[in-house]
Amino acid sequence: MQLGIIGLGRMGANIARRLLRGQHEVVVYNRSAEKVRALETEGAEGVASIEALVGKLARPRAVWVMLPAGDATGRMIAALAGLLEPGDVIIDGGNTFYKDDIRRAGELAGRGLHYVDVGTSGGVWGLERGYCLMIGGDAGVVGRLDPLFGTLAPGHGDIPRTPGRSAADDRAERGYIHAGPAGAGHFVKMVHNGIEYGLMQAYAEGFDILKSKASESLPEAERFELDLADIAEVWRRGSVVSSWLLDLTAQALAGDVGLSRFAGEVADSGEGRWTIDAAVEQAVPVPVLASALFARFRSRQEHTYGDRLLSAMRYGFGGHVEAHGGGEPA
Amino acid sequence: MQLGIIGLGRMGANIARRLLRGQHEVVVYNRSAEKVRALETEGAEGVASIEALVGKLARPRAVWVMLPAGDATGRMIAALAGLLEPGDVIIDGGNTFYKDDIRRAGELAGRGLHYVDVGTSGGVWGLERGYCLMIGGDAGVVGRLDPLFGTLAPGHGDIPRTPGRSAADDRAERGYIHAGPAGAGHFVKMVHNGIEYGLMQAYAEGFDILKSKASESLPEAERFELDLADIAEVWRRGSVVSSWLLDLTAQALAGDVGLSRFAGEVADSGEGRWTIDAAVEQAVPVPVLASALFARFRSRQEHTYGDRLLSAMRYGFGGHVEAHGGGEPA
Amino acid sequence: MQLGIIGLGRMGANIARRLLRGQHEVVVYNRSAEKVRALETEGAEGVASIEALVGKLARPRAVWVMLPAGDATGRMIAALAGLLEPGDVIIDGGNTFYKDDIRRAGELAGRGLHYVDVGTSGGVWGLERGYCLMIGGDAGVVGRLDPLFGTLAPGHGDIPRTPGRSAADDRAERGYIHAGPAGAGHFVKMVHNGIEYGLMQAYAEGFDILKSKASESLPEAERFELDLADIAEVWRRGSVVSSWLLDLTAQALAGDVGLSRFAGEVADSGEGRWTIDAAVEQAVPVPVLASALFARFRSRQEHTYGDRLLSAMRYGFGGHVEAHGGGEPA
Amino acid sequence: MQLGIIGLGRMGANIARRLLRGQHEVVVYNRSAEKVRALETEGAEGVASIEALVGKLARPRAVWVMLPAGDATGRMIAALAGLLEPGDVIIDGGNTFYKDDIRRAGELAGRGLHYVDVGTSGGVWGLERGYCLMIGGDAGVVGRLDPLFGTLAPGHGDIPRTPGRSAADDRAERGYIHAGPAGAGHFVKMVHNGIEYGLMQAYAEGFDILKSKASESLPEAERFELDLADIAEVWRRGSVVSSWLLDLTAQALAGDVGLSRFAGEVADSGEGRWTIDAAVEQAVPVPVLASALFARFRSRQEHTYGDRLLSAMRYGFGGHVEAHGGGEPA
């Protein structure tokens, strides 16, 4: 079927490509024309403005917006809303905060427009493996777009079926779900990313212990010369901790076990933060997910003011002068 | 090759079975004779005492002890040590604390006996899928036992090769590693379990947020009727959080999304605790792994004394009477 | 000087009383007239409506609103705004979210009204000891109200002076500060409460360890028959952990060392949650403050869904049947 | 009464001084003679060897060992045990691990010697304010030493009495307790220090949020120019978070609000770590105390290996190149 796509960053461009490979008709727009031209060579129809994009699409139109969450997405949706007609649908495939989805869907509904939010996981691997899609919006509209979602999703692949599942609705088994009304897609994706932070930090801490046990700062009698690349590799087979993140860990360690290319300042995105906000709002204890986020915050600071305050208190009550405190406090 | 196995619990019995299927010769002993007889019908040679077991094995002997970590294992190894001869090897496949391995290996070395510690992951799935093995001990002795380890491990299977790995030592790719000297196997297994706790808790917290968002205690306007079984299922495909633990989660939720069979009191084992102790000893910050352990501790208490103390302080400074405090404090 | 007070709950009534004792002129209004009459007997002028209250006050008026944070406060301020005249000031002494203060101050400024937010700490002790006040708003307006703040605050008392403080502005030493523009007062109070949660939880966990070491579930050889009331008491003298919260702990334990009046379900308020939200927004790692909040969330649940999920995973990979799981899962 | 003191570091010397001021007779030994001579000028009797110290004391002797916990203390007690006679008592006033106390007390009992462990809090302030003492050992022996403990402890001072306390045993109100048998004193002191870490970290995190809110990296509209020294000061009066640690914080900030003398690398001692080990051993959830310890570990590392691993995973699944990663990973 036909889809307009706005935003040809890595994610948007690959979504266009995967749809083209699935024989869908794709009309693409991007602020920089270069990326439009690249997609044209792969079979997309390129346009130079969103007005042109809207003009190329048959009613009811479907337009997938794939821009950075926040202002860029908000402005684009507002502009599109001025061009589209009742019955058309705007799909936000980015990482929008789910409460913004709910508000936006309400505003668009007032103009007869539909809004579908799609949490999209898959990263650089999605083009080949397919994207895991978590979709929010009106059931009828989501159903109308099913051919697109079915193409973007991974499909059954060779992943073993989960015993005990009924076959009634096999969309989850093909890699996409209709999670609920507007906002539900991004809500599920948000929690997905929160979990991801926790999983990553669990591996990070475990490998930190292993690394530290192999450290030359330990007396030789207490040290184990552990091969971290081999450890990651062996856990991929038969162990309880096998996962895709472990596969990536094994890959990174196989290439450079010292990870010397990485400085250790770790970014975080809105979804990790919103997960904690949601947990706080819902009174759900999430010590692991929060600790994982805080570890990222901490990774980006050399020393916190709080750390210096700890030293100051220690000096105050015990006269302790911290080793690297730059001289005896007066 | 030939192996004696002591302890035919689920793990020991399945290890015997997998070796028998691999055409090894297995002599088995268990305190209760019933389990010995069961293995005999599958091709093992059963014996009624450890003396008999030692008598059946050709020198240099190899005996795999598969008993609960702690006293049972310690006593059995001490008894075996009195029966074996120089050059023989005792394999501890249980969940022994790695410092006990180091001490024990030293004691046995004084008698000319070898000691190999094998951290074994695989649970009830190991018989079919193979066991992930993390092995500590003398390299020569570990090498001598290689046919056994190769049979027990999963092998390459259909798991994609990690790009960038050299083919020099492919044991990790076949599911087992020689991690280092005595203790190193159980050290790596210990950290493996620590990570496992963290991973599990990350999923648990994420699903708690989802569950809470679907709760009828929320106003309908704030609620999403999320299908948790579908969410677990869809994340198995194309998403960053896919893992074996997620497969198991999907399976549990497919059967009973309310998890009503489970009360929520979660056990923990030595390895999760030792991981934290090791991190503390090595001064490694492990907020996620520790939080995961504490969540299990907490799950087994109805209310902590500390919680009551919080209420008492709140009453003290603010006159707050906690809702369920059983009446106005005097 | 003259002040109108709206809301005669425990905090509002005691603020009125402390001002009356300081020879200020206080006009009070409360939805239920009974509390108004009580204050009248102590020297306040009571009124039956906010219109009457506004009518009694000389310009420029000052009205202190002391209502539960949220809708009640918002509605009252909106109503007052319709009655007051340019130059008048509304003081919000409740626990309002600081971003609401900023928005509200802007709205009121458009009508020529001033807004002052006062974070007020002191609980049931404030009437006698004085209230610690954290004040946000325009410096000139805060200055105009100084006689009120000076009376409400504890004053120098017999607390030793902090060495090294300059005497330029001694308000902090008398127990109140002008923290900054509108919102700054409640921001500081919010963080104050976040810290309070962390402090309380630190004591709670420490006493939990002590209690557990004295538990009859331990073998007698490992047990210490600790007297928790004596421990709290002794730490009040000469120890690094002495604090007002410890005084309250000692008091609670002196009365009932088993804390049997308290069920252990601990409430939390907006400020503890907003502290975490603020930290997340500002990318500040706050593992202790967040853990303290989560412990309260957890205290109000018997078992989490996440805990049950942990058990389900354990059953899935290891066949572990959790002790209280209500029978063997199928 | 008469006491021998071994070890004249800051703590040992001040304990000697406080006893001298209380008219006790003190015989002192220190490895470096200079400190012995200093104490002689203040009225102590100095000796040049532990043999001489033992020779100066009347039976039953009491010797207070005040050395760094661990090997130094262990060796000194072993040496003393060879010189003392049945009925004599060795007091360990250092920070010994409580399980070492229990073992040591048992060994000494075999030789008819008594062992008393004293957890001592007070830091550089103890000389003037008195020391908070947590004492383990045989009740009769502890009773015999009561004059010493009564002098060292702060006494009632001007701290308000805790309502509801019975007057039967007023030692806790005078600043020392007999906590239980050998080891109980150091156990209580250990938990005391664990709590101290939690309290300190709670303040540190709170001030970090305040500092960050005042940071010039924020847009001016979101910033509050908070005066952190004033905030610490005001909280000392009437607020729930007042404490001795807050007094010290106010003092540090009054002198240098930027805390520029402190680098932010924070040491930790055995007791903070043992508290976590004890909690893990006793299955007590201590998220706050553990987080506080981990924050100190983290403060001493620039970046963790785990942080780099997080970046490596992010690169692996999303092609994310972390800002400070030192160039594009290949």
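First chain written, first letter: the chains are A, B, C and D, and each begins at residue 1.
Keep in mind that, in the parts below, a contact is a pair of C-beta atoms (placed from the backbone, for glycine too) under 8 Å apart; a residue touches a chain by one contact, two chains touch by 3 or more.
The shown structure was predicted, so the numbers you read here are calculated from the model rather than taken from an experiment.
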A-D or B-D, whichever has more C-beta pairs in contact: A-D
A-C, B-C or C-D - pair sharing over half of the A-B contact pairs: C-D
Reference subunit D; chain at largest CA-centroid distance: A
Between subunit D and subunit A, distance of the C-alpha-averaged centres to the nearest whole Å: 46
Whole-Å gap between the CA centroids of subunit B and subunit D: 38
Residue numbers of subunit C (touch at least two other chains): 123, 125, 201, 203, 205, 208, 212, 240, 244-245, 251, 255, 283-287, 291, 294-295, 298, 304, 317
Partner subunit B, residues of subunit C touching it in the complex: 10, 123-125, 200-201, 203-205, 207-208, 211-212, 244-245, 248-249, 251-253, 255, 259, 261-267, 287, 291, 295-296, 298-299, 302-320, 322-327, 329-330
Parts of subunit A lying in touch with subunit C, wherever the complex brings them together: 240, 268, 273, 276-277, 280-281, 283-287, 290-291, 293-295, 297-298, 300, 304, 317
Parts of subunit C lying in touch with subunit D, wherever the complex brings them together: 121-123, 125-126, 129-134, 153-155, 157, 159-160, 162-165, 169, 171-177, 179-181, 183-184, 187-188, 191-192, 194-199, 201-203, 205-206, 208-210, 212-213, 218, 224-227, 229-231, 233-247, 250-251, 254-255, 275, 278-279, 282-289, 291-292, 294-295
